[in-house]
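Both complexes shown next keep chain A, but they swap its partner, so chain B is in the first and chain C is in the second.
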Partner chain A sequence: MTKVELKGIRKSFDGTEVIKGVDLLIEKGEFFTFLGPSGCGKSTLLNIVAGLEEPTTGRIYFDDRDVTDLPPPQRDVAMVFQSYALYPHMSVFENIAFPLRVRKESHHVVEEEVRKVAALVGLERHLAKRPSQLSGGERQRVALGRAIVRRPRVFLMDEPLSNLDARLRITMRTELKRLHRELSITTIYVTHDQEEAMSLSDRVAVFHGGRIQQCGPAIELYRRPANLFVARFIGSPPMNVMEARLVSRMPPVVDVKGIRVELARDREFKDRMLAGIRPEDVELSSTPSPSMVEAVVDVAEPLGVYQLVEIVYNGSRLMVRTELEDIRAGQRVYFKLIPERIHLFDPQTERRL
Partner chain B sequence: MSRTLKKALNWLVLCVVVLWSVAPFVWQIITSFKPSAELATLPPLLPASPTLDNYISVFSDRPFGRIILNSLVVASLTTVLSILVGSLAAFGLAVLKPRGGYLFLGFVLTVSMFPPISTVSPLYIIIRELGLRDTVLALIITYTTFSLPLTIWILTNFFRSIPRELYLSARVDGCTSFQIFYRIFLPVAAPGLFATAILVFIFAWNEFLFALTFTSTVRARTVPVEIALFPGVHEMPWAEIAAASVIVTVPVVLLVFLFQRRIIEGLTAGAVKR
Partner chain C sequence: MKDRREGYRFLLPAAVVLLFVTVYPLFYVFWLSLHRRHLIFDISRFSGLENYAFLLQDERFLRALWNTVYFTVLSVGLELVLGMVVALSLQRAFSGRGIVRALVLLPWALPTVVSARMWEWMYNTDFGIINYLLGVDVNWLGSPFWALNAAVLMDVWKTTPFVALILMAGLQVIPRELYRSAMVDGAGSLYIFWRITLPLLKPVILVVLLFRTIDAFRVFDAIYVLTGGGPANTTETLSIYAYKVLFQTLQFGYGSTIAMVVFLCVGFISVFYVRLLSR
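Moving on to the complex of A and B:
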């Protein structure tokens, strides 16, 4: 198990800075995820850890040893690519065996290790096939097998599941988690899918514009997003964000688009703020009650366990998640924002208050 | 238009095209089996008394065996050398992406823009000074030079069509760039290599101008030059020329048939996503 440390990493391509100073410490055996929209620099940073790109400035340490100037073969990392990058002219067996062959392991060792790994990723029956004869999920397993077979110090994965269909992605997600538990190799995982990041990772770093916006356990990013970007990026469907005004300080009452909510006293306030509330933190009812506000349902999307409902009140739209089943478009409903679940942000800096 | 009519029309057009392109060669074959008395008969139908005399005299009266061997050596070695140097250059340009790669590719192309006739005199002087006159080596070097632009261009495009992740992945798996070249890129690009190799081989096999200028004896003379030297002072041995042409066309045709699928794969690869 290896500890990975990044210190002051910056990277420019042709004068455009894509990574603007990243410091990170990834613990031994941790499953760590770089999460962010495309173009946020997360894949570039992964390539820098792999040694496929050189940082413009900054150093990389594996277990306190500086590896910045080492080429990829000497870093002993394994990588899984979005496109799997299987060698098309080799059988599944040879694909998995390839890293061992390059290291000139004996025939006996190769045979044994490949069989062991094939069993681990469930490919025993496909060893003689070519990659082109495999399904997407099976190809993904070959790529994983090829990465595992070397027992690398660090496991790097660049959007490994995004070429799979939705159902397979969820199966493979579980499988990845099982593999990580069994091998406990330090893993850095890159994705733009917040659900994947939350379900897999010990810790997540959210990237935007070449900077880390927030870093911590997934649940913390969900509960206490550090800024508006993280608030909107984590959670699905995304958080509702509305303008809010402070109406009185003692007791603290804010006005969110005409709805008055009394908040806890120990929070910080400004006169003008942005209030965020997740769809699952809005209480919905089909019968009126004095503490609730009236609205009209515009769209209702039944999803089985729950419904996503877009309601309109006072000219504003709000996405709500509810377990009520008898909600239809055009119907009158009554809702309430749960005060302790309201996130407040500074409208200028977009930081959490 | 009915379906059968359409089909019939298709076949008709196909037949015309095939006839158009194959007819001269068929005429050539027929002529090669004719005794000299029948040569001038028109239309060129099957000979009344077919004979193998022309084939026999090509080999018995002339050093044609040796000439074919020369051509084989020149064409094969040119192909090997071209592919060897060309694929290395193309890998460098396409995958390692050196600074000024595009400039280099453009520069390479200019080499093939000179009409061969304009370079033949200076090249002759160089060859003479190197003491390579009338050797197969002279031809191999010249042909390799002139086929490299084509080779580098085709293979660069071919290597570019191979996903970059394969390179990155092999790099992480512990390969040096050269290992990636021969363990991954060469095998994956095999169809492209075949297609290029055939084109180079045909070019070297058929080349006339340089071969005529740089060779003077049987030692290094190649097939096209030898055939051109067939006509004597008083006679034009059409039948022997035809026989010789058939003999030297057959290997090329065979080669193309043998690797037909590979060549088509090679020429169309990268056109659609696989």
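Moving on to the complex of A and C:
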């Protein structure tokens, strides 16, 4: 198990800075995810850890040893690519064996290790096939097998599941989690899918514009987003964000688009703020009650266990998640924002208050 | 059934054209090769396989066959190796790559006659730049040893760009992630070349070899302009020999026999490569 540390990493391509100073400490055996929209620099950072790209400035340490100047072969990392990067002219067996062949392992060792890994990723029956004869999920397993057979110090995974269909993605997610538990090798995982990041990772770093926006356990990013970007990026469907005004300080009352909400006293306030509320933090009812506000349902999307409902009140739209089943478009509903679940942000800095 | 018959009707014009421009001449040449036919002496009679039997005793034919094989193997081999070197080095990103790529293609873009004349002057014993640069006094095109090699050199200069161009196209199709993956897995660049680049390039290499072997085997204009087949027939290839027999001595029968040999050789080469390709 290896500890990975990044210190002051910056990277420019042709004068454009894509990574603007990243410091990170990834613990031994941790499953760590770089999460962000495309173009945020997360894949570039992964390539820097792999040694495929050189940082413009900054150092990389594996277990306190500086590896910044080591070429990829000497870093002992294994990488899984989005396209899987399988060698089309080799059998599944040879694909998995490739890293061992490079190391000139004996025939006996190769045979044994490949069979072991094939069993681990469920490919025993496909060893003689070519990658072109496999399904997407099976190819994904070959790529994983080729990474595992190395017993590397660090696993690097660049969007490994994004070429799979939705159902398979969830199966493979579970599989990845199981493999990580069994092998407990430090893993750095890159994805743009917040759900994937949340379900897999011990910790997540959210990237945007070449910087880390927030870093911590997934549940913390969900509960206490450090800024508006994280608030909107984590959670599906995304958080509702509305303008809010402070009406009184004692007790603290804010006006969110005409709805008055009393908040806890220990929070920080400004006169003008942005209020964020997740669709699951809005209470919805089909019968009126004095504490609730009236609205009209514009769109209702039944999803089985719950419904996503877009409601309109006072000309504003709000996405709400509800377990009520008898909600139809055009219907009158009543709703309430749960005060302790309201996130407040500074409208200038977009930081959490 | 009706659809099928209709399909044949559409194919008919093309089939007729092919029949007249390829199949008919081919069979006519074969027919001629079974005759003794000298226009000069006004002889024309059927002679069966006599011409073919004569080939084996004809030292000039055997010499031409050997020259052709030597020229083909050496020039195609060199072109492949050099073309690969050029393609690999032009694949790397550097400033001005587009211009360099265009410049590399220049020799191939010149008409063969022009480049042959140019090389003829470069090889010139008294005024040639090659003797001047090397500081020697060799009669390149007049020496039986050098003349054929001089022709090979010219062909390599002229055709390497073509080989490089096709190999470059082949290299571009190989996904970059395969190299990156192999690199992360610890492979050095030589290992990657032998285990990844070369095997993935195999179909393209075979196509290059197919084109180049057939072209080289039928070589005519390059050598004809450069040396005319001399000195003492040491650079005479099958095509040149066939041309001389056919059109300089007007022996239509025997000339056609030599042409048939060229045809059969090229046919075998094609079948050989196409088989390798479809494997």
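In the analysis below, the second predicted complex is superposed on the first by the 353 of 353 C-alpha atoms of A that agree within 3 Å, B and C clash if a C-alpha of one lies under 4 Å from a C-alpha of the other, contacts with A are read in each partner's own complex, and residues count from 1 in each chain.
By our rule, contacts are C-beta pairs under 8 Å (C-beta built on N, C-alpha and C of every residue); 3 or more make two chains touch, one makes a residue touch a chain.
Everything numeric in this text was worked out from a predicted model, so none of it was measured.
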Simultaneous placement of chain C and chain B on chain A, clash or fit: clash
Chain B versus chain C as contact partner of A:171, first or second or both or neither: neither
Touched partner set for A:349, first chain B, second chain C, both or neither: neither
First, second, both or neither for A:98, with chain B first and chain C second: both
Partner chain in contact with A:89 - chain B first, chain C second, else both or neither: both
Touched partner set for A:133, first chain B, second chain C, both or neither: neither
Intersection of chain A interface sets (partners chain B, chain C): 50-52, 71-73, 77-79, 81, 83, 85, 87-89, 98-99, 102-103, 146, 150, 156
Touching residues on chain B, where the partner in the complex is chain A: 163, 165-166, 168-176, 179, 184, 187-188, 190
Residues of chain A touching chain C in the complex: 50-52, 71-73, 77-79, 81, 83, 85, 87-89, 98-99, 102-103, 146, 150, 156
Interfacial residue positions of chain A with respect to chain B in the complex: 47, 50-52, 71-73, 77-79, 81-85, 87-89, 98-99, 102-103, 146, 150, 156
Chain C residues touching chain A - in the complex, by the definition given at the top: 175, 177-178, 180-188, 191, 196, 199-200, 202
